[in-house]
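Both of the next two complexes hold chain A, though its partner changes from chain B to chain C.
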Partner chain A sequence: MTALKPGLRLKSGVCSAEVMIVKGAGETSLTCGGVPMLGADESADGAAAVAAEMNGCLVGKRYVNEDQSLEVLCIKPGEGSLAADGAPLTVKQAKKLPSSD
Partner chain B sequence: MVRLSSVSTVAVREQAVDWVGSEVGAPTLPPMSASLNAVLADFAKLPGGASIAVLDGAQLLLERMLRTGAKWQDGCSPNGTCRFVRTADGVLAVNLPRLSDWELLAAWLETDADCPWSWPRLTEAVRSRATGPLIDRARLLGLAVAATGNAPIGCARSSIGYPSVKHPSLVVDGDPLGDCRNLTPKPRPPVVVDLSALWAGPLCSHLLWLCGGRVIKVESRDRLDGARFGDADFYALLNQGKRSLALDLGARDERILLQHLVEQADIVIESSRPRALRQLGIQAEEWVRRQTGRTWISITGYGRVGAGADWIAFGDDAGVAAGLADLMRAATGAHQFAGDAIADPLTGVEAAQAAWRSWLTGGSRLVSLSLAGVAARMLAKETGELGSGAMIESARRWWQAARLGRSAAGVDRRAPTAPVSEPGADRAAVLRELSLPC
Partner chain C sequence: MNTAMLLQMAAEAGVGRFALTSAGRHYAAAELLAAAGGAAERIRASGCQFVSLLDVSSAATPVALFGAAMAGVPYAPLNYRLPADQIRALIARLDSLYLIADEDNCAAHRGDPGIGAALTSAQFLEAALAHPDPEPVWPDDPGIAVQLFTSGTTGPPKAAILRHEHLMSYILGSVEFMSAAEDEATLVSVPPYHIAGISALLSSIYAARRIVQLADFSAPAWLDLVEGEAVTSAFVVPTMLARIVEELEAGSGSRDLRTLRAIAYGGGHMPVSIIERALELFPTVDFTNAYGLTETSSTITLLGPEDHRQAMASDDEETRRRLGSVGQALPSVEIEIRDAGGEALAPGQRGEIYVRGPQVSGEYRERSAVDADGWFPTRDIGYLDADGYLHLGGRADDVIVRGGENISPAEIEEVLLTHPAVVDAAAVAVASEQWGEAVGVAVVLKSGASASADALQDLVRSRLRSSRVPEAVRFVDELPYNETGKLLRRDIKRWFA
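On to the complex of A and B.
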């Protein structure tokens, strides 16, 4: 369990993935490849990835839980897939282009 | 009645005096219009480029404002989405044109409060923080943020040519686009597949259309060109005469169709980060290598390679990254935007000229243009030619005129002459013509 807050950076314990919390607060178990994600100064404890949770996450995509109370941005890609409290996160719909820039 | 008519007569007369004043007095051309005119003049001299000769730098720079009637304001871009904010150790330009950008502010500034963001709240939150970490985090999040006080950004345009039987490998620096003397017109116009959106890329393909190019505009069905939802006149101007395909890029067969379409092009224009097209199975480098004669125009914020390949930019913040706000500060005493999304029209013209030259000189090139790099190089060129004193004085006079609503005095407004396609309207015709399965 990690206390999440916007701006927090977490890294995968099983692959190269990194995420930043965009929305969501409080105690949540955020996992990548089935293994809890780590803070910047934590190191992996050697836990093995869950094969069924190795479907990858794409850099630049925003991932949400079912009720969209949690949203994370993938800032480095990896082979693990993201989940919160055991439920897989899904890709949020692509950002709309602005009408002018 | 008498009174009313006399008032209106005075108003007209005043307008006439202003007009004459701006015509006969020292001209107040917007920054970079001289450089843009030079690019247009080179372009117009190329075989097939005659229709470019009627265009004018100031006209293209201010084209959107001439239609939307946007006003120049202190420290705010004409479209209202980009502003200067003071940090603990500098001044940043922050551009938030998408609703989703505002959703990222809590993560950017590491605050957990749910209360809604506004420019005053953002200004307050940024004030005590250091510029460097703010920029780094913004880039990670995909926010368009640029620091003022930049040294001009390195190499603006690199062109990577691939060795082939006909075309030797090209040099990255210097003039990468081949010898333009003694060129002859091509026997047929190029097929241009335009995957870009907003302003720079569509302006590039618009100019190629003016030269006779057959432009196919390709959009994601679920994420159409955002400019369609902006000023309709401006959209029509840049996208007239192009045929439209809207593909469902979530579907595998539509992604394959996109790959087939791209295979048929002589020139591809795109303005996405390199990773986006790679995720759709399209590799610019391989596309150029696979067949001789092709030209790929890559428009990015900060280039295709290195860390900058993942940073996003829009025209206003890219202009700031290039140093244009620093010119305006020297001219007016405060950071100002030197144009309307200025890096967009600069890059669009530069890209079109590069594409046309590459087409005429045998192609086989990936031409990479970054918004920030093109603006920086043009700023350096214009400063070099005019001298920085004259440049600053010219910018000062133009800003004075701009604040009085006369930033475009004497500039002609272009009007579209060809129809604009609805999204996907030309799918069947284009696929038939290119012998692709419908």
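On to the complex of A and C.
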């Protein structure tokens, strides 16, 4: 469990992925490849990735839980897929907007 | 959150691209990241609480913006066109300040109270490039990202505050990471102390669109850069577009502007006549109108390219009228029109524009203007049509109150601009014994054309209620605008005093 707050950066314990919390607060178990994600000064404990949760995450995509109370930005890509409290996060679909600046 | 993240992501993913072209030199995002990291170290070491750029835009602009973010202190760019005493008064509100300025301003202000460190833009950039930090670290959420002094057209400048969360919400909600094609280049000609100058840097860096800077706008210089740098998009304020249109219509020399695919405009009221001429001059260019305020982290509504084309081609009056609107709200932004008592108004009814969303700050150094439910009163007047297109009617402070009736200057100006002899017009309140206030208009005529005051009064009478007919008409050579295209109504009012 990690106390989430916007701006917090977490890294995967099983691949190169990193995320930044955009929205969401409180104690949440955020995992990548089925293994809890780590703070900047934590190191991986050698837990093995869950094969079914290695579908990748893409840099620049925003991932949300079902009720969109949690939103994370993938800031470095990796092979693991993201989940919160056991439920997979999905890519937040954004309307394509013309550039206005 | 920290906006420095945007640059780091671009630096890692944007290998092989340039992020910035300034004064003929190209910079990769990784180079800007390392330079900002180097700058952040020196800002931190100075102990200063603010970073200001007091200069035209250059490569020092993004380095200062992101360097301040990495150092965790607010970036507070200043208007270099202000008189020295006004600049000094603003510096006193930024204690203690890390000042980056052009040579003259650096010399003039290095001894001002509040200055912690002062260097020229060239010195700042040179040191940042010479002592880079390619792996900078920064605080996760340092709070305030940007402090901007509003232009103060209605009073002393207010210090508007934008937090990292507001700017990040705006960028993440409206820009797709690395979405620019490899050939894309955007021309940034708004000054660095304008919110559009800041959002342009953040948006284009995140989209991996090369930024081409124009330090000092003129229509010929703008057109030269479009041609010379194969520019594909640009943001302009209305006065800039008007000058570009005039320059092209005057037909000075042949130009190849075929690379240009998109023009976004905003930052002030765009006369429909200008946008119609621009659409004719650039038939293949996508036009986007953006409306936003400093306090809303830039754009909150958009009139997109398809809207422009539909409006131009339509015979339906309502659809056609959208060309004069600022479009619909961004997906993450809510808009409500309220009357003077704070009650929400129905479509078609004119009132004050309220806005809510994660990018909306509405906060000033002294106080927050946001209500308990998160709504920010913009002090702009407007109405929403049945499909949610927002039509602006000027600033609440500019509304003319004639015998208890509220009159928006924009209504009258739009009618005057349909007269073939009129190129520009402004309606302001003038003192009236009978009504308290009445309508006065200042009108600029096309050179060589003529129109009488009677003819203009008749035109307004034929299109609007009789209360809108100007009591005073004054013909002038030009209307007073500030450098970012804001009409200075206070100055016009004085003409009628």
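Assorted remarks:
Going forward, the second predicted complex is superposed on the first by the 97 of 101 C-alpha atoms of A that agree within 3 Å, B and C clash if a C-alpha of one lies under 4 Å from a C-alpha of the other, contacts with A are read in each partner's own complex, and residues count from 1 in each chain.
Quick note on the criterion: a residue touches a chain if its C-beta (ideal position, glycine included) is under 8 Å from a C-beta of that chain, and two chains touch if they have at least 3 such contacts.
Just so it is clear, the structure is predicted and the values come from calculations on it, not from any experiment.
Clashing of chain B with chain C is the outcome of superposition onto chain A.
Once the two complexes are overlaid on the shared chain, A:Val64 sits clear of chain B and of chain C alike. Touch criterion not met for A:Ala83: it reaches neither chain B nor chain C. In the superposition on chain A, A:Ala49 makes contact with neither chain B nor chain C.
Judged by the touch definition given at the top, the superposed model places A:Gly7 against both chain B and chain C. In the superposed model, A:Ala25 lies in contact with chain B only, and not with chain C.
Residue contacts after overlaying the shared chain place A:Leu97 against chain B and chain C alike. Once the two complexes are overlaid on the shared chain, A:Ala17 sits clear of chain B and of chain C alike. The clash between chain B and chain C in the overlaid arrangement falls on one stretch of those listed (91-99, 163-171 or 181-189), that is 91-99. Taken together, the two complexes place residues 5-8, 20, 22, 59-60, 73, 75, 94-101 of chain A in contact with chain B and also with chain C. Against chain A, the residues of chain B that register as touching in their complex are 64, 79, 81, 95, 97-100, 103-104, 106-112, 137, 140-142, 197-199, 220, 222-231, 273, 275-276, 279, 310, 314-316, 341, 344. Across the interface of their complex, chain C is touched by residues 5-9, 20, 22, 59-62, 73, 75-76, 94-101 of chain A.
The touching residues of chain A, when paired with chain B in their complex, are 5-8, 20-23, 25, 58-60, 71, 73, 75, 93-101. Across the complex, chain A is touched by residues 1-2, 5, 8-9, 12-13, 140-141, 164-165, 168, 172-178, 186, 196, 199-200, 203-204, 207, 209, 233, 235, 262, 264, 266, 286, 288, 290, 298-299, 302, 304-305, 330-331 of chain C.
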